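Just below sit the structures, each encoded as structure tokens.
Each of the next two complexes has chain A plus one other chain: chain B in the first, chain C in the second.
Up next is the complex of A and B:
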């Protein structure tokens, strides 16, 4: 909000303030303001939540008091827009920099260092391997890339941070990885940090290519469970590098209201390529890579619904998947269906889906959702409503439909991915609302 | 005796490295330079087209496809205020912000329909702000041939006399009347 308000002020010469709800207004007035000089965006604050409330409640907020100053809200708005600059607001020049820390901490006891890491939230609060210079040097042997090579620059409120190979190696050590894992974790770093949204999102990491077997990623029984080192450490490294390089700290600048337990290891697993039915390509091949490429694909979403029990002949498996998918918000048509090889076999052999793409197309054509339910989602409101108002189809037409009309919200079959994993122990599957981005080639980071 | 780590602990992951020089300019004021320092606009145009891997489409071609098939989605990458003032008629707005990662716009970008030609445009000389959005669409899995950048952007569209909308356009029409 501060950014947009600044733009209005600077580009349009229109004085602007922010009206933020009480839940996170201190982020804007504290953390964000700390790294600015000159006239900051001033704020007034209303109670939270204001969405989902009867109109009378929101009207009451406007006619009530500003939660920051205690003044009547509209008086506070006028005061914020017209009040003279304070001495602090008159300070000009470059905003303050956070004090740079030494690359090396002074030696200390292991216990003290662990406490330090926890105090600064350089951890996921499971025990970490402390990244000694020797361990990091050893980790760096896993790649031909130089330690100071910049993988990407991450913009954070305090400035911009360069994520280097060495920094990723530090996270890899902390996560318990071996040097052989480093290329995978470096590929992952190109997608860091993970999402930081009040909506409490998470990620899914899918490994494809021969490296699955070389590093013994689990693609079979318990592929998504805590039964495998490679799955565990790569997934964990994502959380650690996201928190450290992304400077994410709880209630300071990380505001995921519930959080998401999937963030601990980002659902890291390998696709069971060997068990794919004939004609079903691995995920990375479907997105344009060669079968021999080693690829990491990163998905982002919130939710997962399991079949719970075995597939039944009285109701085809894909019908049940379709029904469960209708629970998702369908933002961006995103869905990823993770299925056991036995289910893949049924879908192909019994139900005739010769390719994954055919199955995705079927879902796109057959998942329906009640119109009111679609628009009742906050993410949809913030993405599709502006499009509808601008006349973009199908959103514009959907907005005009009655509440109980059925729409087909998964308009883009290419955004519906199918991944085969699991140990053929049960005809089991998950439907998820994860949208998967094009993969990253792991070989580039060897 | 408490065991001590004889090796120092690396803290590289956590220091704010020299990239903090971005503080010299507040983030909200940063804008990707359309012309590199030391270059003039004509030299830039002649020698270096940003994001050359991104396919361009001319205004004439967009207009033709829109008339014949009606299945073009135009996306204005300017900020909302500029969009409100003037944009290509029928365009939606997804602002390009060089200070944040393009993937922060993924929720919006992925809501664009996948079955139509999507054309991004900016009010800039060489598609500096629209071409990165095309790249991001590719990352999201959209067909390469279905997502393009409008060559010459809004300026060229205006020169061609094709339809525009927005508050500035309305004002000009009122003046004309």
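Up next is the complex of A and C:
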């Protein structure tokens, strides 16, 4: 919103003010102004929540009070549009010299350093390995890349922070990783930071290729549980590097209203490629890589629904999966189904899905959702309504349908991924709303 | 007393994480509480401050002005449309000749929509209101 207001002021040379609810305005006038726009946009503030309210509530806010100044809201609007500029509002040009972060922290006791790391929110508030220079140097032996190589510039909340190989190695040490894990964690760094949205999203990390066995990633029993070092440290490193490199701090620029426990480990696991039914390709092969490539795939979503039931012939498992998938928002047509090898075997052997792609196509054709339920999701309102208003199909047609009409929201079967993991202990599966992006080759970071 | 009521005094005092202050580094080489000192690497990355830009000149008055209201479609366009409609009524009632134009952005709150800027210029708007987030 500040970006819009700045653009209007710069290109049209007219005053442009923002209206936001109280949960957002402090971020807009603080962190965003400092690191993103450099312009002290004037705001007025309405109570939160604003969206999803009856019309009378939103209309009533106009005759209510500005949450920032306490004066009548429209008086605040008039003042924001007509009030003379302050000295602060007239400042232009280069910002004051930024405060550099020293490469080494001042020497201190372990206890004090641990306290410092927590006070700065550099940890996930579980105990970390303190990143001494010796440990980081040892970690860097896991890659041929130079420590000062910039992997990416993180600017999602502003600040244009340059994430280097050395900074990632520091996070890897803190997470408890070994040098052998570093190429995986560097590949992961290309996707940092993790999801940071008021909607409380999380990530899923899937490892494919021979490196699963080399580094002993758990793909079998308890693949998604706390029973394996590689799964644990790689997943945890994503949280740590996201927080340190992204400068993510609670109520400063991290505004996930509920947060998401999956952010602790980002659901890191390996696909059980050895247990795939014949004809079912691993995730990385389905997305265009060679079977021998070592690939990390990152997904973003919010939730999963689990069930046992593949052995019930009265209601086949893919029917249950279909039913549960109708609960998801289907943003971008995305879903990822994680299934035990026993379920994969039944889906192929009993129900005839010869490939993962056939199963994805079946879901795309058979998952239905009530139109009002689809549009009732805030993520869809934010992302798909603009498409509908622009006349893009099928969104434009869906917007005209009655509330109780059934639509097929998973329009793109290629966005529905199936991953096989687990130890053949139970006919168990998760359907999730995670959208998986194209994978990253791990060997590029060796 | 608080403990008798089932409330932790610590809870009332605030989270210890945030109540405590950042520790001061001890002088190099000196022990802190008898512990040896260690040096660790800094995981933080300095953020680059944005180049400062001044605000555009404010209006001298509202009478007779044209105000462009940009609806960012935050979780859909309806709420902001209701809000901007009520704002328009308020301007009609309190000022003479204020005109408002409400436009929904084509790509929502995250995208860009160059047609909005072009439209603001073409319509000779005097001011803009952007929202409503939340």
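Convention: the second predicted complex is superposed on the first by the 428 of 446 C-alpha atoms of A that agree within 3 Å, B and C clash if a C-alpha of one lies under 4 Å from a C-alpha of the other, contacts with A are read in each partner's own complex, and residues count from 1 in each chain.
Heads up, the rule we're going with is that contacts are C-beta pairs under 8 Å (C-beta built on N, C-alpha and C of every residue); 3 or more make two chains touch, one makes a residue touch a chain.
What you are looking at is a predicted structure, and each value in this text was computed from that prediction instead of being measured.
If you put the two complexes together on chain A, you find that chain B and chain C bump into each other. In the superposition on chain A, A:84 makes contact with chain C only, not with chain B. In the superposed model, A:416 makes contact with neither chain B nor chain C.
In the superposed model, A:287 lies in contact with chain B only, and not with chain C. Of the two partner chains placed by the overlay, only chain B lies in contact with A:394; chain C stays clear of it. Once the two complexes are overlaid on the shared chain, A:442 sits clear of chain B and of chain C alike.
Once the two complexes are laid over each other on the shared chain, residue contacts for A:21 go to chain C alone; chain B is not touched. Once the two complexes are overlaid on the shared chain, A:48 sits against chain C while remaining clear of chain B. Applying the stated contact rule after C-alpha superposition, one finds that A:333 touches chain B and leaves chain C untouched.
When both complexes are overlaid on chain A, the residue A:385 reaches chain C alone and has no touch with chain B. Comparing chain B with chain C, the partner in contact with more residues of chain A is C.
Shared interface residues of chain A, touching chain B in one complex and chain C in the other, are 4, 6-8, 10-12, 35-37, 94-96, 98, 100-111, 113, 120, 122, 130-133, 136, 154, 158-162, 166-167, 170-171, 244-245, 382-383, 386, 390. By the touch criterion given at the top, residues 2-4, 6-8, 10-12, 35-37, 94-98, 100-111, 113, 120, 122, 130-134, 136, 153-155, 157-162, 164, 166-168, 170-171, 191, 241, 244-245, 287, 300, 331-334, 379, 382-384, 386-387, 390-395, 411-415, 435-438 of chain A touch chain B in their complex. Those residues of chain C whose C-beta lies close enough to touch chain A in the complex are 17, 20-23, 25-26, 28-29, 31-33, 35-62, 67-68, 70, 72-79, 82-83, 85-87, 90, 94, 104-111, 117, 120-121, 125-134. Put simply, chain B touches chain A in their complex at residues 2-24, 26-29, 73, 79-82, 90-93, 97, 99-101, 103, 106-115, 138-143. By the touch criterion given at the top, residues 1, 4-24, 28, 33-42, 46, 48-53, 55, 58-59, 61-63, 74, 77-78, 81-85, 89-96, 98-113, 115-120, 122, 125, 130-133, 136, 154, 158-163, 166-167, 170-171, 174, 240, 244-245, 247, 375, 378, 381-383, 385-386, 389-390 of chain A touch chain C in their complex.
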